[in-house]
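Below you'll find the structures, each written out as structure tokens.
Same chain, two partners: chain A is paired with chain B first, then with chain C.
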Partner chain A sequence: MSAGPSTLPPSQAPSTLEYGGDEISALVLDPGQCWTRAGFAGEDTPKSVIPSHYGYIEGAGPDGGRKLYFGDNDVHAVRAGMEIANPMSDGIVADWDTAPSLWRYALTSRLAQDLSEHPLLVTEPIWNPTKNREKTIEVAFEDFDVPAFYLARNAVCAGFAFGKSTALILDVGAANIAVTPVHDGYVLKKGCQRQPIGGDFLSNQIRTHLANMGISITPHYQVLSKIPVDVGKPAEATLKTWPEGQAPTESFRRFEEERVLTEFKECCAQAWPGPGPLPAIMPEGGVPNVAATRSFEFPDGYNMLFGLERFRMTEGIFTPRSMLASANIPHPYPEHTLGLKDMVFAAMKDVDVDIKQIILNSVVVTGAGSLLYQFNERALHELGIAFPGPRVKMLASQIPVERRYATWLGGSILASLGSFHQLWISKKEYEEHGANIVEKRCK
Partner chain B sequence: MLKNDDWSREETDYLFSMCREYDLRFPIIWDRYEWPSKQRSLEDLKARYYASCRSLMELRTPMGQMSPEVLNQFNLYNFDKEREVMRRSMAERQFNKTQQQFAEEEMLLTELKRIVANQEKMFEERRDFYQRLNFPTTTGSIQPYTGSQGLAHLRDMMLSSSDKSKKRKSVALGQGSGADAAQQTPTSANSIDRPGIGGSAKEKDGKDLKRQVRKLTQEEEQLYGVSYHEKLSSGVKLRSGMVASNVKGATAAKVATALTQLGIAPRLTMPTASAVQRYEQLQNAVGVLLDSKKLLDKLEQEARVLKAQLELKEG
Partner chain C sequence: MSRSGVGLAGDCVTTFEQLKLGKKTKYIIYKLSDDKKTIIVEKTSEDVDYDNFLADLPEADCRYAVYDFEYQLEAGEGKRSKICFYSWSPDDAPVRSKMVYSSSKDALRRALAGIHSEIQGTDPSEVCYETVLERVSKGAGNR
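Then we have the complex of A and B:
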């Protein structure tokens, strides 16, 4: 992880000398529910990170079709009639009309001009169905015209980022929390677990709580000016107005509200550090030191102190029964949802007893959702309860960037290895065997 | 031989293809194993695989004709399913142990260790105790020690034995000092080695020289004064200081006084090789003479005592 490669201009592939001659300037693409990450293999961070959400205006395209907007700047720009959508659902591609364009944008806007010169490694979640996998290789060879392709499991990549080929991967993504045992670089399919209690779930929990408190969220783009107000006093902000028909769409508003919720998540939300679940009623003697109140100022100037609620919002991850429920904000069924501890327990149930201890010795925590304050402490407590005997060792990078991009980083390491080159699926092989080759080659 | 009622040919082929695919990583093979209407445990797969391998090996070469390596391999493939199942269930139980159970186990183990240590100590003490209770049994008759002369003899014996033990002690001490010296030598050797940068080169030269040396005949040896020594310590020494005396201890001092009485200096003025040799011989001879004189004195004394006793008895 030298500082060298990061100082290169983003459009330049690292020199071959730097990577011992194995450099083939491969590209690595890690499409996630919330962010799509792309970069050159062999580097330590993706150079192109764009939101998986995209904007579109119906009928504004060149031939009367959709006009698409990708990338941070365009997606957040206020445009009349621009709708926001996401081609991903549940961590996998659902809209195959847009996803290739989004990927092309991620790869070509900053990195490579001509995709036919760069082999491409794409990561995928474990639950990616065969149809989707075949579609991915089709897009790569027929749409992008890449010379070689590989589809890697994201859990395996996350393990590689920590130098582990045998590990338990705890991936806290936007759509899901996924627990995946990996042995010798192979995913143990029987042990894969996922629950829809990731970052989006957390945002919805916060949304529910704010709705229950009667706080409405005003996104940044609506605020023209604001005056400071006292805690809990109504906001005194001047809001922007748009002429008839020029106002941003409802989906754009919702997307921008999510940004405020993300901010709240980063500033205020906190996992109850344990041990044990968050008590329903705080014991007499007051709130412990960790639960000190924090204030949060909304974009319109309204500010409020948050105390114990900060833990209530996140407790659903660990004990789904205590999640906040609301009629009009979606949430999973608490009865059918497994908490983190139960997920890990279920994942380890079907793992061979001889490798259980090795796997539990390296529990890799990754995904931006795991950056929730004190998430790791709580997770370690929960694992300690689930597996009292064996020593559970948790690996989590203290650097936020590495935690967010661990999967991409693993893919970058994998694609830059000399011994990996024999695993690429070449264009010729694809033409010979068809899309089904991905099932045979990318286990 | 390869047939198994539970395993169809197709399924066995499938198992072998999986084994090839995943390089015999059985946990993964078991994880990915999908055969319609069959639920196989990891042990089932392993048992079938190894049994097939053994059968195949035996079919290709009968057991009697196998080379030792192959036979070794053949024996390694002996997979005991029941035992493996038992081992795994035990491992599972071990895995599911709680922290309290672990702590308890640890406590019991330390307790056991303590008890064993105590028992050993007790046994030792008991043995010691028994030894103390047992008085030493006499082996020979006490007749020889009844008289005053016998008692004197006994006293001599005891004294000499105590002398011996003293000697033993001194020997032990000497060894200790020797060890010290040995410890010191490497440092001195180091100090010698250090200034010579070309030390290793010199050594090499020396070796080469040794190789070139031709064997001298006896005449030549005498002519050139070449001699071989059994024990040589490093450093330059005077031959006069190297005079070895075969006589040791109390006799050495007596030999020295005898030599001074004879008017021979303790150090040779001209210590040529032959002179030193003769000197050593002289010393030896004097030592032998002195020893025999001492023995003679003793015998004469005894004879006198016995004569006196005889006179007393007769008289």
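Then we have the complex of A and C:
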């Protein structure tokens, strides 16, 4: 949800002494809807974090095909005719033509030169279909030529990173919020819930609100210079102009607008802390503190104070019925969408009564979306109402980096274990049994 | 086989059987070997004081433990004893350690037959006598 972290200094596999790992040459790849994270197993943060979005220009490639642009620097560069696209959809790979190139870039641009020397562990969401899993192992062995491969469930990895083999994983991603009950390191598939109310949903809610207020978003790249203006006064900025046919594309503009919205989410948006849902009409003196109003300056200098709206924009996550609706901006059907509490309720419905208590005792919150200010407080309130009996205990790292990379970190440690060696699928086994081996070995 | 590929040392199960059948051992503490490839027995004890057992769980590292939990039923219905499995994983433990312990728990847990309840502990309040008593006796027991 935030702008990309700068990757750490020039890459080298970590030394055994430094990290106390047994096996240091494995690579870990955690492809997400918004960011693709890669790094060496045994390290505590991924060294290569690139946007999952990529840029392309039709006909500019070597033989008249597409020229592709990956990575933070290239994707955000202003180029005539460059379109922005994303090979991921709903948190899983939808475009298999581009995803392998994106992954190769993530792995080779900063980390390893020769992929055939490093075992590869990839993480996947629970709803990844068999076809996609087989395709992943195919890409790993046939395109990348890795010596060994493993596919790990992201929720399980996140739970392990918190020291829990039995837990409820609440993962707030860009495409989805996913709630996954895990028992003894195995996902309880029946209980898995996901709803399209993650970071992208929040962006669209903010877009809707701004559109309703008549505020247009001018991305940074369009602004040449700006002069400070008073609150609510029209912007007085000089915008860049491009000669005919040289202007950046609409998809690029949208992608850059998203960056402004991300900034907005970080500085302004806030979850209503509860208890109870956000009231439709504030009681007298309902928002006691001045802190409830915050100002936000847009790239063109226009600035505005935001009060209660800051809570309204996020309320859809908890009570979908109160989501902002608009004819032009996509949003899920409020009636068919479950809020956070109902998702957890649905997830726990089929869980055996004996382990219910243990699971509710370790609710692990992860994903960059959960860094939304006061998200945890509200979530805890909601869960407390839904499950008044046993104590609901929430585990969330206070360190933003750990919250964003918990899944990667789990994969990183798993792949670095000496004892994990025997679980890798080797190239030989793949050649003997075919892609279907992934179904048998990576459960 | 656990999710991490960690295996068991030979005496893990036999020590447990002694606790279960011998009724002499009070608790067993298990840990991962230094090369993190096998689970080994760190300590067995016949000490009946619950606080001494808690003192054996390190503050900043993970452990597994089996404790033969005894409690008194109300109205003189006698004593009961239940065997509990603990996975101790405090917040202050290194991430790596939490990870290995939680992903390896399965290997040990599945090898031990006759466990009554499982306790996941991250702070002392979750493994204190009262909490465990309530879990084990379902609210019916006394000290």
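Assume the second predicted complex is superposed on the first by the 423 of 443 C-alpha atoms of A that agree within 3 Å, B and C clash if a C-alpha of one lies under 4 Å from a C-alpha of the other, contacts with A are read in each partner's own complex, and residues count from 1 in each chain.
Operating definition for what follows: a contact is a pair of C-beta atoms (placed from the backbone, for glycine too) under 8 Å apart; a residue touches a chain by one contact, two chains touch by 3 or more.
Only a predicted model underlies this, so the values are computations on that prediction, with no experimental measurement involved.
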Exercise. After superposition on the shared chain, which partner residues are touched by A:404: those of chain B (first), chain C (second), both, or neither?
Worked result: neither
For this session: Please work out whether A:312 is in contact with chain B alone, chain C alone, both, or neither, and reply first, second, both or neither.
Result: neither
Exercise. Quick one: chain B or chain C, who's touching more of chain A?
Worked result: C
Problem set entry | chain B versus chain C as contact partner of A:184, first or second or both or neither | both
Exercise. Touching A:352 in the superposition: chain B (first), chain C (second), both, neither?
Worked result: first
For this session: Would you sort A:135 into first (chain B), second (chain C), both or neither based on which partner it touches?
Result: neither
Exercise. Which partner does A:395 contact after superposing on A: first (chain B), second (chain C), both, neither?
Worked result: second
Exercise. For chain A, which residues belong to both interfaces, chain B and chain C?
Worked result: 184, 357
Seminar exercise, completed: Interface with chain C, chain A side, in the complex: residues 20, 22, 44, 156, 159-166, 184-185, 357-358, 361-362, 395, 409-410, 413-414, 417-423
Problem set entry | chain A-touching residues of chain B, taken from the complex the two chains share | 22, 25-28, 30-32, 42, 88, 91-92, 94-99, 101-102
Problem set entry | Touching residues (chain side chain C, partner chain A) in the complex | 1-7, 35-37, 62, 87, 89, 93, 95-106, 109, 118, 120, 122, 126, 135
For this session: Would you tell me which residues of chain A are touching chain B in their complex?
Result: 183-184, 186, 188-191, 350-357, 388-390, 443
